[in-house]
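Working notes for the structure below.
For clarity, chains are labelled A, B, C and D in written order, and residue numbers in each chain start from 1.
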Amino acid sequence: MLVVMHSHATPQQVEQVLAVIRGMNLTPHPLPGATRTAIGITGNVGAVDPRLLEVQPGVSELIRVTKPYKLASREMHEDDTRVRIPLTPTPLPKGARGDAVVIGPGTFTIIAGPCSVENEDMILRTAEFLHGQGVRLMRAGAFKPRSSPYSFQGLGQQGLDILARVREKTGMGVVTELMDTENAEAVAAAADVIQIGARNMQNFSLLKRVSRIAKPVLLKRGLSATLEEWLMSAEYVMSGGNYNVILCERGVRTFSDHSRNTLDLSVIPPAKHLSHLPILVDPSHGTGKRDYVPPMALAALAAGADGLLLEVHPDPDHALSDGAQSLDFAAFTRLLESLRRLAEPLGRTLN
Amino acid sequence: MLVVMHSHATPQQVEQVLAVIRGMNLTPHPLPGATRTAIGITGNVGAVDPRLLEVQPGVSELIRVTKPYKLASREMHEDDTRVRIPLTPTPLPKGARGDAVVIGPGTFTIIAGPCSVENEDMILRTAEFLHGQGVRLMRAGAFKPRSSPYSFQGLGQQGLDILARVREKTGMGVVTELMDTENAEAVAAAADVIQIGARNMQNFSLLKRVSRIAKPVLLKRGLSATLEEWLMSAEYVMSGGNYNVILCERGVRTFSDHSRNTLDLSVIPPAKHLSHLPILVDPSHGTGKRDYVPPMALAALAAGADGLLLEVHPDPDHALSDGAQSLDFAAFTRLLESLRRLAEPLGRTLN
Amino acid sequence: MLVVMHSHATPQQVEQVLAVIRGMNLTPHPLPGATRTAIGITGNVGAVDPRLLEVQPGVSELIRVTKPYKLASREMHEDDTRVRIPLTPTPLPKGARGDAVVIGPGTFTIIAGPCSVENEDMILRTAEFLHGQGVRLMRAGAFKPRSSPYSFQGLGQQGLDILARVREKTGMGVVTELMDTENAEAVAAAADVIQIGARNMQNFSLLKRVSRIAKPVLLKRGLSATLEEWLMSAEYVMSGGNYNVILCERGVRTFSDHSRNTLDLSVIPPAKHLSHLPILVDPSHGTGKRDYVPPMALAALAAGADGLLLEVHPDPDHALSDGAQSLDFAAFTRLLESLRRLAEPLGRTLN
Amino acid sequence: MLVVMHSHATPQQVEQVLAVIRGMNLTPHPLPGATRTAIGITGNVGAVDPRLLEVQPGVSELIRVTKPYKLASREMHEDDTRVRIPLTPTPLPKGARGDAVVIGPGTFTIIAGPCSVENEDMILRTAEFLHGQGVRLMRAGAFKPRSSPYSFQGLGQQGLDILARVREKTGMGVVTELMDTENAEAVAAAADVIQIGARNMQNFSLLKRVSRIAKPVLLKRGLSATLEEWLMSAEYVMSGGNYNVILCERGVRTFSDHSRNTLDLSVIPPAKHLSHLPILVDPSHGTGKRDYVPPMALAALAAGADGLLLEVHPDPDHALSDGAQSLDFAAFTRLLESLRRLAEPLGRTLN
């Protein structure tokens, strides 16, 4: 349920409504807008007597939210969400151009980097290269979900330490995966954005844990998740108080065998229609083959995505994981150039 | 198998090789190129003694084609195929700009029109509108494959007659579906491009029939067809002597329920990699919802498709079929404008 | 819509109602029952004024059929359909035990034979072997739908001739595939049951053609057909006047790669719930691997299927097609024995 | 890699080989057999020099295991695994018939109970009812993975306490789900079998945690997991030292919409072929509809499954979760009777 306040409602009136909602054993979620405040309500809303809220001073109207997801829905939050990712102050001269990356309307955000943290040197080289290209967010995994227990599982805490040092040195924002609740604090300390992998999209304990961390969450779509299930998982994070959720399409599982997964760009328009959350696309996992990454990256931009998650490696053919789908620096540079040219007629700016 | 002739081979030498191949009970397919001719061979090639061909005068080399599709593969035909669709001379002044549409590299071809031929007036109105927008190919079905026997099945021959008259009046090229071998001649007479629908992609008798018609074939991908199966169906058409095959992705069937089908743009790069055939995208059937058509149309262009098949209707809300996924004239005009702006940085020209 | 007649309605009253329905430009389908007759109506039923029918003498009640399929639905036809397949009189002594096979409740029907007619000797050997095992229906394809134009396409008319001769010699009923309308009469002449393959399940022209043939139709489920679409295809056959439709599940296409297709036994209970038509299972195509056929055949019986379509070959390792999924005679004999043992506690008799 | 010892190898020789393997920084897994011991080796086996092992006294041969899963494969462990589930001594008279349930060849094990622990009374009633039917393992969830954060999430620790008390009172073995590593010890204390849900099949941190618990693990197949991925997840549990893994098929996600999921019984034969682990089937989640549960339960038995996981509820229409797919006591009793009749000709005994 959504309580819309009058545009001239006072802060005291808003506070009073919040108190009434809490008194009903429900959770209020203040949603400040340009002209007036709205308050989302989650919990066992069916039991609420709307009259108790309608009579509060400053309340303009009550709106029933019909979708099963509430905070993630456009019904409750009409405007596109902009997720702001503050960056550590950058010592490198080029970093002067901003202290945060904002993902959302008008921009097209590039997050790039290797599949996994292999060693400090390759992370530093990649970070410096990306920074030189104007990219401010780097992805790299310290904890790697691998289908085989015998595959390289990531450097773990040592990988996080490398990421933290390179972040400090270069000012690059860090996007890295959290696989379990045990490592939540350690990952939150090293990361500017916490990634939840496709296989954990319905790891509800993990979602509840990150809902209590003050860092944006990049939520990958599960391999066989419907759009509704994906938004319900976003709702898990938001209902716990973390509203900074970024969706990421990375390919779903179908009968199709021409690529590693079937990158479902067609989910972008309905996701935008039903939800206000930004959505990125990961064409590296989506296609599984580096040659197919650039066309699908361009297509993601044209389809209305808010950015990309790209695997880039200094030496893809010797990567410890996902080499086949990683771009080398030269290919990445060419792709960035194509994206910039295409972004212009679409009224978008790369960041 | 592919026989590559020397660049200076004489026509007589080429003829002689063709005769030797026929003498082996195999089918030769001459593939003239810019600098030299190649000859594809289909049939029970495993039984061929390559030495009998290598010793023929003018033969440069023999190449074994490893893919199960031969004529459709890039192994046998390295350059992109351009499918030329000759148009009837146009009385309308704007038609002066050309007598054929070529689908292939450098261009981006729009084929638009209503799902089905409902009456002559609406077809004429649509044709004139499209022509005014610079579109030269119109789609419209006289025979409609409907999952229910009780749904509108199309106007049949009467629909073909309407298409033929409107084609003559406006000079628009006609793309229309053939559902069975009985109507092959009637459809071929009215159509400039014969469409094979998704449900008939593996109707092998129908494929063999159109392989003997001198009209380009638009071959839609089946709802659960792998890329290899799709190219094998193209091979059915080509092995019968009709090399003018245009692929068309129109969405596949997956667990995803956010759209009517899952439009698989990710098939474009591997299709281009494995085959030389042009590939169009049908975002109307792919999404099933008119609001989602424009973003997916732009994405198809960016992903490298050679054009679009779009449902446009003068009054979509009263269409006899597929109204929900049809654009009205105003929405189509806006989409064309967006496509033109996007085509430029991609080095493509709309036709 | 369903018109239910009184139990004491006279034949003249039934005739009168049929005439009234025809006068409305609709198609009546008389459905005689044990105690009373019902009349299904198909066509543009929405336009019917029910009062015109209710007032006819002998009419008990009118029932609106809500499913999109009508004649195939249990709403219109409550009792299980029994499809009777008359057999040619058998000269072989063992054939004495019956002149028809009935597919439906209480029985479990085995249809077995090679994928394709390879030559007369192997067909005769197989027919005699099967007959000796008490099997009365043999499957074998003269026309083979193959994904490659270069694969063995079946012996065609020559294959039909072989089937006809072996049928006459052994009294075995013949189940064989029809791929196109051109060969409808030839196949109908040689076959006791006309098979429509999975790839043709939505070849609507073909369905309309067999709806006018007086032979039972075995309708395989398409590779990505929903249950509703499958029943709609059955409706195409029934609405044309051929009510003897036998459904056949043969595996659908999913992401799963442990077998050729995913045999969907779970479709049996809902198919039985929604429709009165009998349903067979083809575990040979469903699994693609002979070792997996027996357990899935037993499971089909336990799940409530009305019978099996099985690939059996005198020498599977040298079959021209589908050898990997064909049972040899010994394996088939063992499977039959297991099926008989399992049928007993389920109250079913093999035929 | 598998080291096969001579049948007369001494315990000291086996110990010596274990020590050599550990000295190579690999993990040895002793696999005692009827006539001789084998030792599986996991870790970076590629780096091993086989000669160092071949020369050890008592070693008969070295076998390279080619599948990516090792301990879960039949290559390494030829005989079917029997998972023994010890039960608490039962005060009820009927409990006299055994102190453990063994899942594996020759038996067919029923695990039944409500979706979730709702209160102590309904759990006790269900346990006593099941016990009276000869069922010794009860399923019921204290922690419930729900797609919505606003749905009933289970009673948590309170639910575990109820299960522990009812277990003590009735002697029923308890199968209950573990959703996260935090609750591992609490669930292990209350459970006789730890269930890993479909959505957590690739929650690798959770798999590693249960690999260190001395309780059997019921590993449900993920909604879009291939058989190989499923066995790889079993391998995660086994490679950590917990060899008592029970697979459980519960339906996969496909385009099919006639049931909640597509119950994939066809995975049973290949799972048995590739792995020695027992496999159960959950027709309740697989179909999502109680009427479809009995036929699929019978089919699972016929297909070769080792048992069933069934949702049974004293009052399904008022269940807090999954009521539509739960059997009531009467329906469950009828199903048990049918299963017993069917088990006999298959040479299986219900337990």
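Just so we're on the same page, a residue touches a chain if its C-beta (ideal position, glycine included) is under 8 Å from a C-beta of that chain, and two chains touch if they have at least 3 such contacts.
The model shown is predicted, which means the values in this text are computed figures rather than measured ones.
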{"item": "Shared chain contacts [chain C and chain D, defined touch]", "value": "A, B"}
{"item": "Chain whose average C-alpha position is farthest from chain C's own", "value": "A"}
{"item": "Whole-Å gap separating chain A and chain D, where each centre is the average of the chain's CA atoms", "value": "36"}
{"item": "Whole-Å gap separating chain B and chain D, where each centre is the average of the chain's CA atoms", "value": "52"}
{"item": "Euclidean distance of C-alpha centroids - chain A vs chain B, Å", "value": "39"}
{"item": "Residue numbers of chain A (touch at least two other chains)", "value": "224, 253-255"}
{"item": "Touching residues on chain B, where the partner in the complex is chain C", "value": "42-44, 68-70, 145-150, 179-182, 199-200, 202-206, 208, 223-224, 229, 232-233, 235-236, 239-240, 253"}
{"item": "Interface residues, chain D side, partner chain C - complex", "value": "224, 226-227, 251-252, 254-259, 262-271, 273, 286-287, 289, 291-292, 295-296, 298-304, 341-342, 344-346"}
{"item": "Residues of chain B touching chain D in the complex", "value": "224, 253-255"}
